[in-house]
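When the chains are written out, they are named A, B and C in that same order, and each has its own residue count from 1.
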Amino acid sequence: MTATKRAADSLIILIIVLAIWQALHQMVGDTALPSPGVTLLYLARFLPSERFFENAAATLTSFIYALFIAYGLGLAIGVWLGAHRLSGAVGEPLLVALYSIPKITLYPVILLIFGLGISGKVAFGALHGILPVALLTMSAIRNIPPVYLKVARTLHLSKRQAIFTVLFPATLPEVVAGLRIGLTVTLLGVLLAEMFASKRGLGFLIINAMQLAQSEEILTVAIVLFVFAALANSLLLWVEHRLHHRA
Amino acid sequence: MTCVGTIRLAVVVGAIGLLELCCRLEFIDYRSVIPPSEMATSLIRILSSHEIYPDIARTLGVVVIAVAISIVLGFALGLLIHAMPRVRQALDPLLATYYAVPIFIFYPVMVAIFGLSIIPIVLIGVATAAVAMIIATLNGLDRVPRVLTKVARVHRMGPLATALRLKLPAAAPHLFTGVKLAVSYGFIAVIASEFILAPAGLGRDIADAYNDFNNRKMYALILLLLIFATVVNMALHAWDQRWAERRGVRSS
Amino acid sequence: MTGTDLSGEVHARLSGVTRIFPGAAGHQAVHALGPVDLELRRGEFFAVVGPSGCGKSTLLEILAGLQPPTAGTVTFEGKPVTIEVPEGIGVVFQEDASFPWLTVWDNAAFGLRRAGAAESDVSQRVNDALAFMGLKDFAGAYPSQLSGGMRQRVCIARTLVLQPRLILLDEPFGALDAQTRLLMGDEVLRLWRRTGATVLLITHALDEAAMLSDRIGAMSARPGCFMDIVETRWPRERDSTIVSEPNFGEITGRLWENLRGESIKSLGHSGMVQA
């Protein structure tokens, strides 16, 4: 299917979504669900405002810190469990079990330990992100075809060369997949933390708007987050596809 | 128990023991974390007093409803979309990025529209979980080996018979993965909703306990949720393994 | 045209080589190979045939220094082979070992570049090797865009670039169809004549071994030992059309005579399903 056809189809989907939105708006009224038009006007006024920038900056800051920790710890754990046989065998089921625990249940604990400020948000976000990064990195290392290691020896590579020129590129596609999922859940974690107990950030804006019954603001912030998350994810997905086409 | 299994058990027991020790020796502030033994005793006390049961029933009930709807809806939509390739092509980018976005941020919108009841919670639960089921259904149907459809034609099976007797069982492992994800996501969405804003439920109880500085109750309930989530996951995992064995797939 | 001179110097030698894999918890140790004695003459083409699981690949890896023998000695060009792969030995494996993240050209250049050769040197040798393997038009392609046979050619080119004196091939054509195998056999012969290297080929295809080699070692079922070494006395300038020679049938027949019983044994050992 050509690119234009695909773009046209996506446009059709978008129009259908807007139509449903408009229909729902007609059913439930202005205060509950403002129309797409009203929302877009609000968006245009809200985005350049200082209030938006301050809160967006707060979310972004927490997000970046959390991502840093999630990636750093996640990669370290993943490499350790992937490279060290015994640790990997012991640790993998534990990681999988931790991954399937709804970390939301631990939120109050995080609050108690780290407090209400930015450290709580960063901790909660990082908590979400560490696991997929660790699990996929570990899997990537284990999935390196053993023949690559044999080839490295027949080509007389030093240990350092083998790691950097063979093992690292071989694991890259799967590690990037882990980073992408990690990014997604870290953002979710930070937002959830802001929605529950924060005085700043986009998550806070949503809850605040809900309490003040300002539906346009809820929708506006939700749209901004939607676009940001979709863009970031698509970027990493594109990188992943580039890497996979060579694999 | 295998050597690895023993080590793993030791690690888990050791970690809990370490936490207990740190709490008792006051390395960890009592106001932040209470010793695991006290969490357990508090939980036992709460359970035996029976007062928590309505809330447990409510939360679990909502989860079950949301997950059930998600599985059925997700499967049906998956089947439908799979049968319409052009629709699928158009929806593919949406499906790929769906889980990139914290759909949960629309919960307040749901509350605004439907008011404070279980409806917005179920809706956000379905919104979160159903798409996982759709994606899993699509994947599963994709992976039905083409040779099976040829076998169906050799045996002169109609489309419904082919779908139910060949495609469904062939896609079953992926469908089951979808079920696991739906359970997971549904659970998270419901608890998160109850934390933020809900008239009742376990999540609400935990939030209240937190606000009242009632650590004993809070940790007891968190422990309850964790135990429940772990048990459900282990059960699903065991089921998965048994299925995988029968199909001759080596379990990892 | 006379056959390859088999009275030349010994290029590599295996003496009393045995390999026993220690049992993991609860499992018995596996006596996989040996004892094996083998002398490879410089410049000869030697094939090893035998039933599945008899230890052919293990033999190759021990010779290459990828695995240590449990007993016995291995020498290459007079020097002992221990835990490192000696310089001058090239290996082509059964599995596809081309690096998917590099182009064909970069794949071929890989080993030489890591060894620190000058870029002009690398250029010349890689272009040479790619031209020889018929890959010049695909130099910019990625392995995922190529067929299985071509990917193996990339791996062979990568080995060639390093100009090895002993080339070890572990069932390199296992995954290919019969016609492609025959053609690849011709390629290997060209390679062998052009480089003057000693070649050890592992294969389970008797006709392939009979067609390509100066000598063929028939290995017993596990633990693998050489039951017979058959000399073919083919001329050096040979190709796949050698199959029409009357001797060809005799040689293949003799190999099968040796191996039929062993193959039945090996089927009995491991059953029909690979463990």
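Observations, loosely collected:
Throughout what follows, a contact is a pair of C-beta atoms (placed from the backbone, for glycine too) under 8 Å apart; a residue touches a chain by one contact, two chains touch by 3 or more.
The structure presented is a predicted model; accordingly, all values stated were derived computationally and were not measured.
Chains A-B form the pair joined by the most contacting C-beta pairs. In this assembly, the chain whose C-alpha centre lies farthest from subunit B is C. With centres taken as mean C-alpha coordinates, the chain found closest to the middle of all protein C-alpha atoms is A.
Note: centroid distance subunit A to subunit B, computed from Cα atoms, is 19 Å. Centroids of subunit B and subunit C (each the mean of its C-alpha atoms) stand 52 Å apart.
The geometric centre of subunit A is 48 Å away from that of subunit C, both derived from CA atoms. Touching subunit A in their complex are the following residues of subunit C: 61, 64-66, 84-85, 87, 89-91, 93-97, 99-102, 110-111, 114-115, 142, 144, 158-159, 162. On the subunit A side of its complex with subunit B, the touching residues are 1, 6, 9-10, 12-13, 24, 28, 31-33, 86, 89-91, 93-94, 97, 100-102, 104-109, 111-113, 184, 187-188, 191-192, 195-196, 203, 206-207, 209-210, 213, 215, 218-219, 221-222, 225-226, 229-230, 232-234, 237.
The residues of subunit A lying in touch with subunit C in their complex are 145, 147-148, 150-151, 153-157, 161, 165-166, 169-170, 172, 243, 245-247. Residues 4, 7-8, 11-12, 31-33, 86, 89-91, 93-94, 96-97, 99-102, 104-106, 108-109, 111-113, 184, 187-188, 191-192, 195-197, 206-207, 209-210, 215, 218-219, 222, 225-226, 229-230, 233-234 of subunit B are the ones that touch subunit A when the two sit in their complex.
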